[in-house]
Amino acid sequence: MTQSWLPSLITATPQEGFDLVITLSRRGVKYTQPDSDKLMAMRSAYAESADGLTAASQVIAINFQTISAANNYWRG
Amino acid sequence: MTQSWLPSLITATPQEGFDLVITLSRRGVKYTQPDSDKLMAMRSAYAESADGLTAASQVIAINFQTISAANNYWRG
Amino acid sequence: MTQSWLPSLITATPQEGFDLVITLSRRGVKYTQPDSDKLMAMRSAYAESADGLTAASQVIAINFQTISAANNYWRG
Amino acid sequence: MTQSWLPSLITATPQEGFDLVITLSRRGVKYTQPDSDKLMAMRSAYAESADGLTAASQVIAINFQTISAANNYWRG
Amino acid sequence: MTQSWLPSLITATPQEGFDLVITLSRRGVKYTQPDSDKLMAMRSAYAESADGLTAASQVIAINFQTISAANNYWRG
Amino acid sequence: MTQSWLPSLITATPQEGFDLVITLSRRGVKYTQPDSDKLMAMRSAYAESADGLTAASQVIAINFQTISAANNYWRG
């Protein structure tokens, strides 16, 4: 986990920012559960639960706030 | 999922901002569960659960913070 | 849902801001569950559950952050 | 509910700000469940549940962010 | 509860800020459940539940945002 | 718990910022449950529950907002 995976919070477009948010959100989970097999099993578990999905999308929404602010909302 | 769906966070009015927030919120869910059939089944599940509805509206409220800040609150 | 319901985030007083927050919070729920009858049934469900009430008031608190910032906290 | 209860977000001290936060948090609940008797019954319910208490203190924490920002953190 | 417990949000270091956050988080709970005996019983309850612990640390994280912003992140 | 563990919120890179976030998030839990053995038992419990994992990653996302703002998003 010492390899480089987050060189910058800056992206060219909002959509690339959203992709970075997905990466960030998955990393947060991976730090808590580093075992890939267990992680994959749980990912399919919460992806098939309505409550799990909504909770996952809350994390995404929080991280999207951060990345959007970092990029000055790509106001151009 | 590589097609363009988020060209900008800027909207003309608060209400268009709210519509963008709905799009954003659904995308977050779709990234976690890309299978459309499963997604539709769960969407109706949480839309008919009081807890699920409230959790979904938390995601909307967080995303509305982001889009409102991006647009300087449409202060005009 | 294309009629105008959110012309501005600006209000004259904090209390009117709080009223707008209630509108916003209900709209978020309505976008997820557009069926008014189902919505009314669930609203009474979560209004009579301690957990549901607290979750609903989290949404209100998040939206009040947004509206307060939009109005520069009505610092006058 | 049309009487005045939120004339300003500005307080003299952080502690008075915290008191205002409690008022705000209770109002959010009251808007969702206006019936005082039901409200009192539920308040004692969540005040005696560990999860309910923590959820209520999340609402307080979110509202404290708002009031602290409104007061420029009472930096003096 | 009228004694002074929150004279300022400003602290000398990030770590003292974190200590203040713990105080703030406990106060939020105490306002909701003022009975010390019940409170102690519940505190041990959620401290021994994984979900309760995570929820409590969300409150801490939200309050740490507030105190960090109040102190301009101790940028020095 | 009086030893120094949070000298600064400033880090050289986003990735080091993320590492600090993990430290912060674990400290929040540790303040609530100081007993290391109980903590380890619960950590493995929530690391193997989909809901627990998502809740833990919400705390991480909130703390990452704080650390990113502290570092001006490492805009360079």
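The first chain written gets the first letter, and so on, giving A, B, C, D, E and F; residue counts start at 1 in each chain.
Operating definition for what follows: a contact is a pair of C-beta atoms (placed from the backbone, for glycine too) under 8 Å apart; a residue touches a chain by one contact, two chains touch by 3 or more.
Every value quoted in this text rests on a predicted model; they were computed, and no experiment measured them.
Visitor: Which chains lie in contact with each of chain C and chain F?
Guide: Joint contacts: the list comes back empty.
Visitor: Going only between touching chains, how few steps reach chain E from chain B?
Guide: Shortest path length, in steps: 3.
Visitor: Interface overlap for chain A and chain F, more than half of numbers shared or less than half: same or different?
Guide: Under half shared, hence different.
Visitor: Could you please state the distance in Å, as a whole number, between where the Cα atoms of chain B are centred and where those of chain F are centred?
Guide: Roughly 27 Å separates the two chain centres.
Visitor: When the centre of a chain is set as the mean of its C-alpha atoms, what distance in Å lies between chain A and chain D?
Guide: That pair's centroid distance is 31 Å.
Visitor: What positions in chain C touch 2 or more of the other chains?
Guide: Where chain C meets two or more other chains at a single residue, that happens at 46, 49, 51, 55-56, 58, 62, 65, 69.
Visitor: Viewed as a graph of touching chains, is the assembly arranged as a line, ring, star, complete set, or other?
Guide: Shape = ring; chains linked end to end, path closes on itself.
Visitor: Ring order, please: chain C first, chain D next, then the rest.
Guide: Beginning with chain C, then chain D, the ring reads C, D, E, F, A, B.
Visitor: Would you mind writing out the residues of chain F in touch with chain E in their complex?
Guide: Result: residues 4-10, 24-25, 27-29, 31-33, 38, 42-43, 45-46, 49, 51-52, 55-56, 58-59, 62-63, 65-66, 69-70 of chain F touch chain E.
Visitor: Using the touch definition from the top, list the residues of chain E that touch chain F in their complex.
Guide: 13-15, 18, 22, 46-51, 53-58, 60-62, 64-65, 68-69, 73-75
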